[in-house]
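So, here's a batch of structures to check.
After this come two complexes, each holding chain A, first together with chain B and then together with chain C.
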Partner chain A sequence: MRTRLRSLIIGDIQFQFKYGFYFVYTVFTFFYICLLFAFPATIREKAAILMIYSDPAAMGLFFMGSIVLFEKSQRVLNSIAVSPVKVSEYILSKVVSLGLIGTVVGVLIAFAAGNRNIILVIIATFMGSVIFSLFGLMIASKIQTLNQFMVATIPFEILCLVPSIFYLFGYQKPFMLLHPGIIVIRMMEGKNIENIAFELLMLGIWILMIYMVTYRIVKKMFQSVGGVKL
Partner chain B sequence: MMVSKKALLNSFKQFMVQIYKDAMLILLCIAPLLAGSVFKFGIPFAQELIYEYFGLTKLFVPYYLLFDLLLGSLTPLLYCFAAAYVVLGEIDDGISGYLSVTPLGKRGYLISRLGFPAVISFVVSIVLMMVFSLSDFALPYIVGIALSSNLLGIIEALLVVSLSSNRVEGMAVSKLTGLFFLGLPVPFFVEGSIQYLVFFLPSFWLAKFAIEKELLFLLTGVLVSLVWIFMLNKKFNRKINK
Partner chain C sequence: MIKVENLEFSYTKKPFIKDINFEVKKGEIFGFLGPSGAGKSTLQKILTGLITNYSGSAIVNHTESKNHDDRFYENIGLDFEFPSLYEKLTARQNLKFFGSLYNKKLRDTEELFHKVGLGYDMDKKVFEYSKGMKSRLNFIKALLHDPDILFLDEPTSGLDPSNSRDMKNIILEEKHKGKTIILTTHNMNDAAELCDRVAFIVDGRVKALDTPHNLIMSKGATKLKYSYYDKKEIIRQCPLNKTVEDSKLLDLIQQNKLLSIHSSEPTLNDIFIEVTGRGLQ
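Entry: the complex of A and B
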């Protein structure tokens, strides 16, 4: 099983490399780092966190629609559905491969901004990326066109991004600490390290809940590829 | 070769039905209005807040024009990307190749998919700028800005559909095309002739025209855009022929 999952992840990474994800994010990492130095030093770290959270961490929500639709049009899903690959492995492979690029880019941006909580940035960016990718996969399994995907992602983007941005720029209420995006942002800021175990637990619970919903939806997609319900 | 009006209209109708089914049509109607309201009322409000909390006066005021340009470019960008995503799907599903050998032809296909939405967004961006812009523009300048930003939208869409081989690559390219807008802030922040280093970006000429109000900048921008459109159209035709 481990070899199968590893092969899937490597396959997804090769796919993402072939279709330009690594190139795009090399360009954008360079661009973001240059842009960071246009900000006053006092808000540079906040700007970097906003950049990481809204782009490399959120890339799953942007790209997943095209990835799944492409796999549908190339009949990749039909092949996977009849192979020994499990739904959980398919989901994990997508989430880990995208999380990997997101985390590398996130660490580079955070480091350039002078953030030295690198371990926390790695954990936070990766977990944030997992959440966004799971949402992306959830939506992608239900749609037939790219435009449908773009429209369907809007409520998720608003729910994930808006409260987090408000929190980052000063609107902070205790109940907001339950929001997964805000937990991710606080971890990136290196705040509240003494409660890190609690925050990790909260994020873990969020990820588990979103994973369970995604699993059901992806499983349904696998059972109905080709227009026939198996 | 002339494309028949009936074929063009039929193809455009097909496109409209698709974006209606995708719920994209509703978004294309609502999003410009929402964005316009945010720009018109949100930015002055944010300016007030910044003054209240940080004592910084007129932080945004010198950039109201830049915000107007962003507002003017938003509608074409939204409309042309929606069109590009439809074309990307049709290329992946092999429909584009079939449509281009019907009486519609390759040119007709592109006109119905990218040209018509651009014409509609041209009208929408003029109305939007008349209602929501933060600066006082005379109508001819608004028309000039709308024209340039719509050409920019067409270029972005053509970049996506001609440089990518499938949907996934299309999304990667669409992310990169965001960099095409980097020409907009250049005349605001870079002084001297060094700013002309980005002469190949139509967005640079759009900003120059809006700041200087010189027809020459508008014409240069249109010319640069047409060169881009010509090159990308050629590339798209080659791709469809494959």
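Entry: the complex of A and C
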């Protein structure tokens, strides 16, 4: 990994640690695992998948607002924008740092629920987290307050979560298999392993498309730091 | 080091910055002076590659600013007017993080801390720092990767006289090392003391550009101020080169009745007001 990208990722992890994200997720993981055992064994694995998909994987959508707003309020973004850091490196750093913690939490919950497709859980949680984090970054780059961020994330939460929950609990139509969230859930369930390459490709295409939009928005944010509206 | 020709930029249809031309040589301290909203920050954003949709040319370190790549920033250091630091990290952690973003060999961090009087506070978290300490930390953050060009925005703002003096000495030291420095300030005393040349910027245009000395000498003559007693203290003045024509002054000298006499040069601020018709806010 390139040195600067590695430095950025370490910096982001350090920042997330200092601001208590890791502490919050340690508590959440413990809480989720306890909650999991309140469910009957028959639906425990499904509940775990829903938990992983809607929280550790979706962490980027919830936390990106506060991360970027902190950077805006402390004007750290100004310094990053006039450093050799590329927009792509900035995005990757945010996505990877949140993806790592999300994946660790996801694996712990899956393991506690008795899910044995751990490799697939790792891949699916990480890729799901990338999608959610990109959406989070896209929104966070545009907003100025946490309230604006909370409101702006609602449509994304509905679009990402609702079809996936329907699918997980039985409403399954073939066209739904193109939905990135449903692909992630199917991978966590260990379904359709023979078509894993196709599913990875589909997720890759989704990620690429969302990344391209996020890139344009973050680039504009870099140019506008310091109050210049372009 | 910096060459700007026919630069024009606008946020709307109406030009905001127009017809800007100047050149800054290596090792020069060049000042942008002007009231708020005059276009100084916009000009700085163009030179630092943040605004790219301008017309004309802005060449910085042999690169047209709008065509820069990420290596462009290896040789540019920016000290923003307001601190841009991670508040929950220590000063040392901040410099370590920002330093890690550059590929160049970094300057000795501890030496920089000691230079600005933060030697004993480098392991304190930034939120514990006073405003002046944050300004000094922000300043050394800009020097950390040893850039060829420094953009300093109000570097002495919020500093006490002693720290302000130290900061100015460091700026002059950097100049003597061959660094090119662009200083944006409202502080006319700093500009007169530090800058080799200054540009007065008002309404997006350069109204005057010269050395502070030449601006003062060309726009305002040195005056002689004197006072004497005639039922009450009376103060008069005349241009220094016309003292011989001031019969009152000659009489007072002959009668030994002067209470005080001294020459007074106009300040850069006086010249700014004269040239632009406006003061600095």
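The definition used in the following text is that the second predicted complex is superposed on the first by the 227 of 230 C-alpha atoms of A that agree within 3 Å, B and C clash if a C-alpha of one lies under 4 Å from a C-alpha of the other, contacts with A are read in each partner's own complex, and residues count from 1 in each chain.
Here is the rule we go by: contacts are C-beta pairs under 8 Å (C-beta built on N, C-alpha and C of every residue); 3 or more make two chains touch, one makes a residue touch a chain.
Just so it is clear, the structure is predicted and the values come from calculations on it, not from any experiment.
In the superposition on chain A, contact of A:Leu208 is made with neither chain B nor chain C. When the shared chain is aligned, chain B and chain C each come close enough to touch A:Tyr19. When both complexes are overlaid on chain A, the residue A:Ala197 reaches neither chain B nor chain C.
In the overlay built on the shared chain, the residue A:Phe28 is in contact with chain B alone; chain C does not reach it.
With both complexes superposed, C is the one of chain B and chain C in contact with more chain A residues.
With both structures placed on the common chain, the touch criterion links A:Leu69 to chain B but leaves chain C unconnected.
In the superposition on chain A, the residues of chain A contacted by chain B and by chain C overlap at 15, 19. Listing the residues of chain C that touch chain A in their complex gives 11, 41-42, 45, 48-53, 70-74, 76, 78, 80, 82-89, 93, 97-98, 100-103, 141.
In the complex of the two chains, the chain A residues touching chain C come out as 3-4, 7-8, 10-11, 14-15, 18-19, 74-86, 222-223, 225-226, 228-230.
Contacts from chain B toward chain A in the complex involve residues 18-19, 22-24, 27, 82, 85-86, 88-89, 92-93, 166-173, 175-176, 179. On chain A, the positions that touch chain B within their shared complex are 15, 19-21, 23-24, 27-28, 31, 62-63, 65-67, 69-70, 73, 145-148, 150-151, 154.
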